[in-house]
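The following pair of complexes shares a single chain, chain A, combined with chain B in the former and chain C in the latter.
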Partner chain A sequence: MTPARLAVAVALVAAAVALPHVAGPFWMGLVTQMIVFGLLALSVDLLLGHAGLFSVCHGSFFAVAAYTTAILQVRYGVPTALAAPAGLVAGTLLGLVFGLAVRTRGVYFILITIAFGYVVWGVAHRWSSFTGGDNGVTNVPFPAVGSWRVESHVEYYYLALAAAALLALGYRVLVRSPFGLALRGIKGSESRMRTLGYDSNRHLYAAFVLSAVLASMAGVLYVYYNRFVNPVAASFPVSVEAALMAIVGGTGTIAGPFIGSAIILGLRNWVSSFFELYAAVMGLVFIVAVLWVPEGLVGLALRLSGRTARG
Partner chain B sequence: MSAAVEVAELVKEFGGLRAVDGVSLRVPSGERRVLIGPNGAGKTTLFHCVTGTLAPSAGRVTFFGRDVTRLPEHRRTALGMGRTFQISNVIADLTCLENVTLAALGTDPRKWMVQRPVTALVDVRRAAQASLELVGLAPQAGETVRRLSYGEQRQLELALALTARPRALFLDEPCAGLSPSERARIARLIGGLPRTLTVLMIEHDMDVALGLADRVTVLHRGRVILDGPPAEVQSDPQVREVYFGHV
Partner chain C sequence: MTTSAILQAINGTSLAALLFLVASGFTVTFGLMRVVNMAYGAYYLLGGYVGLSLAEATGSFALGVLGGGLAIVVLGYLVDRFLIRYTGENHLAQVLLTVGLAFVIGDVALKIWGGDSLKVPLPPALRGAMELPGGLVYPTFRFALIVFGLVVAGLLWLLYTRTPIGAVVRAGVDDREQVAATGIDVDRLFVMVSALASFLAGTAGVVGGAFLTLYPGAEWEILVVALVVVIVGGLGSLGGAMIGALVVGLLDAYGRWLLPEFSYFVLFGPMAVLLLLRPRGIAGREA
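The block that comes next holds the complex of A and B.
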């Protein structure tokens, strides 16, 4: 790490730790949301930026993990120490099933993941006796494990921050590993990788399941922050926005999805305060990003500084 | 001893077209075999069927005594097939070193490793670097492949096939599109490969082909029309007619 990057990292950590002392509850909530959706975007980008697969069903893992945790915690009084891991397991199991999508490529992969996403959304929306229908599951408490409990949004912000930092570090190890390099090889030329001895479908399946695990973690963090979950979490826009966050920030990087999440959620909050058609403004942002800055902001910065994008 | 590569009555049909029409050939271990024939003779399609890029419509492929006809491509690579393509198939967004690193890991179970950086695998790195040195690309190790010249990409193509230490090498026009000096370099490199390695090569350049070959197989319209030592093939009137045109 160069001294300049070290300085930036130290400054970021200091700012993140100091933030609650200068920002009010509204801002803390927004920043926590940025972290949670940044993780979801990061999970999508493992496929998009590294393996070259555009998944549009990651809202499903996110929502199934959130619902599972919420239902167990609220309706059955299951403690966090079990409810949170159960949410993670539920999202992962769904990932093992939806991972079958890697048998297809390109537009067919996109279509089948859209279809998967709608199945989950439909279940959340229609199976009211179990999921609570449109109202969803409300009154999710703050997480508590034994005598340790989160008691404020500020504490929860620190928890989300620590979780995101750990997951980002793990992600960094993963993308630099032989497995991560193989994913980039498959993105570059799948036929060449098969000739080199790689069973590309198995690699892509493993990547899909790993990204579902990460999306599930984001889902568990989301439900304890949001305190409720409804079918919106499983909806198509959540999956698409997660991908667009990665694209706006910069695919194939770690900072990119978080930066994209911050920009999009920040912009939405700001624009929606004075303009009803904020969704149209978001659409314009995406068009500009895809047409003129397809490598995202991190990619652009790296290009301007003469380096190639790398995890 | 069984042959390195044995093809029996191989057929590959595309719709109504029989690109490969009942080809049989036997390449003993260690031989340098060159496949020649006019465009559309079925040479590349035959290679695809042998290395597993395509599934044959009928017939059998045996590799060192093992029937591999139904084996997927990556499994054949694990058994020791190395392959280059007529049109360079390299990973443009990665560096040269990353490309050959992937080649070194392709037949290694550590390709599944997630907990250590790829750069920490010292033996893999060494094998990758050795392979770049062999083809003369060591100075470009850190360069993104997209920025390499066409000739350098052909060299990398060859390095990718050699890195995993195959038992048999399938080279599809390794010299296509190269300058005379680059051709000579690749030809020298192929000529210098250890004799334990079996080499099958498709080549249009007769000087390269006849200089390297122990034996030449001539394909025409999906069939083998002659199989013999270079001198015999060169003087055969039928070959002269189909290969060099009507004279």
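The block that comes next holds the complex of A and C.
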């Protein structure tokens, strides 16, 4: 790490730690949300930016983890120490099943993950005796493990921040490992990697399951922040917006999905405060992002800085 | 029990007719232009709303169907010409772009037509029910829809397999560079096929709006089911879309009837199994 990047990292951490002292409860809630959805976007980007697969079902893992944790915690009084890992396991198991989608590529992969995502949404929506239907599961308490418990939104913000930092570090190790490099190779040219003896299907399946694990973690963090979960968490817009966040921020990077999450959620909050048609504005953001900033803001910044360095 | 089973079969078939109208456009535009247009659901909804307003203003259901279709032809042309063209063959960009477009259309439609379920008014001849041999009573319009679907499917099939235009389209699905190299104006062909697909989606919205009603969110429900049709049938195959629509329509009807809480599962479960056996669908070819 260069001294300049180290300075930036230190400044970011200091700002993140100091934030609750300057920002009010509304902003703390929004920032926590940005962190949680940044993690979801990061999980989508493990496939999109590193393996070249565009998944539109990550809301499923997110929602199944959230529902499992919420139902165990609220309805059966299971403590956080068990409910949170159970949510993670449930999301991961679903990932093991949906991972079958890697038998396909390209458009078929996209269409199949959309369809998979709708199964989960449909079950959450229709199986109301178990999932609570459109009302979902409410009154999820703050997490508590033994005598240690989260008592406020500020404390939860720190918890989410610490979790995101740890997961981002783990992600960094993963994408720089031989496995991560093999994924990049498959993205670049699958046939070449096959010729070199890599089992590309197995690599993509593993990447799919790992990204489902990460999406499940985001789901568990989400349910304790949001205090309730309903079928919206599993809906198509959540999945596709997570991909948009990764793209707006910059795919194939770690900061990108978080930056994208901050921009999209910030924009939506801002626009919805004064303009009724904010969903249309979000749609326009999709269109603009695709047509004019396909490499994302991080990519754009890199390109611009590269230009100035050369010029 | 038997009566219900028969009624569900008719329900499923009439849904299949509707699904075919949406899925055939999606699958042929993909086969020919390699474009994934996720806005077809929004085309369906918007066509339905335009047709609804026209039918209410003029009192003519036929004018509503025609107008809903034509409105989407214009919209579809503008979208192809000014948006989708710039995505090249990047499916990811196409999906995001057209999803964004669907959000815009859906939100603007919500603003204009409101959030309630609206029903396209039917002409007197299609209202009411008719009696079948055996004493079954069934809404007339659903039968008309099945007939309409069959007629459209038949015409499309003739157009596709028996006319010079169809031959060029089929050739274009197979190898469009080769078609372009023989001097055929591929761009004009794209515009024509896309216009037909848009027209079908728009009219589907009007006829669908007469029995499924139109409401915000209907665009995604119809799109996802149409996607299953396309996946089951095989991308780019018109015949596949026919078989797929029938399979999906019947599965959906029986699923809703027998396992209401898991009807999505009934719909998507067989799709997942099929996918494991034949990743490219029933009629899809290995690329």
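Everything that follows uses one rule, which is that the second predicted complex is superposed on the first by the 306 of 311 C-alpha atoms of A that agree within 3 Å, B and C clash if a C-alpha of one lies under 4 Å from a C-alpha of the other, contacts with A are read in each partner's own complex, and residues count from 1 in each chain.
Rule of thumb we're sticking to: a contact is a pair of C-beta atoms (placed from the backbone, for glycine too) under 8 Å apart; a residue touches a chain by one contact, two chains touch by 3 or more.
Note that this is a predicted model, so its numbers are computed, not measured.
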| item | value |
| --- | --- |
| Touched partner set for A:3, first chain B, second chain C, both or neither | neither |
| Contacts of A:174 with chain B and chain C, given as first, second, both or neither | first |
| Residue contacts on chain A - larger count, chain B or chain C | C |
| Touched partner set for A:146, first chain B, second chain C, both or neither | neither |
| A:24 touches, of chain B and chain C: first, second, both or neither? | neither |
| Partner chain in contact with A:199 - chain B first, chain C second, else both or neither | first |
| Which of chain B and chain C A:182 touches, first, second, both or neither | first |
| Partner chain in contact with A:191 - chain B first, chain C second, else both or neither | first |
| Overlap of the chain B and chain C footprints on chain A, listed as residue numbers | none |
| Chain B-facing residues of chain A, complex | 173-174, 176-182, 184-185, 187-189, 191-200, 206, 308 |
| For the chain C and chain A complex, residues of the former touching the latter | 30, 36, 83, 86-87, 91-93, 95-97, 99-108, 110-111, 220, 224, 227-228, 230-231, 235, 260-265, 268-269, 271-272, 275-276, 279-280 |
| Of chain B, residues touching chain A in the complex | 51, 53, 72-74, 77-78, 83, 85, 89-94, 98-99, 101-103, 105-107, 110-119, 121, 124, 144, 160, 164 |
| Complex interface listing, chain A residues touching chain C | 48, 54, 56, 100, 103-104, 106-108, 110-112, 114-116, 118-119, 121-123, 126-129, 236-237, 240, 243-244, 247, 276-280, 282-287, 289-291, 294 |
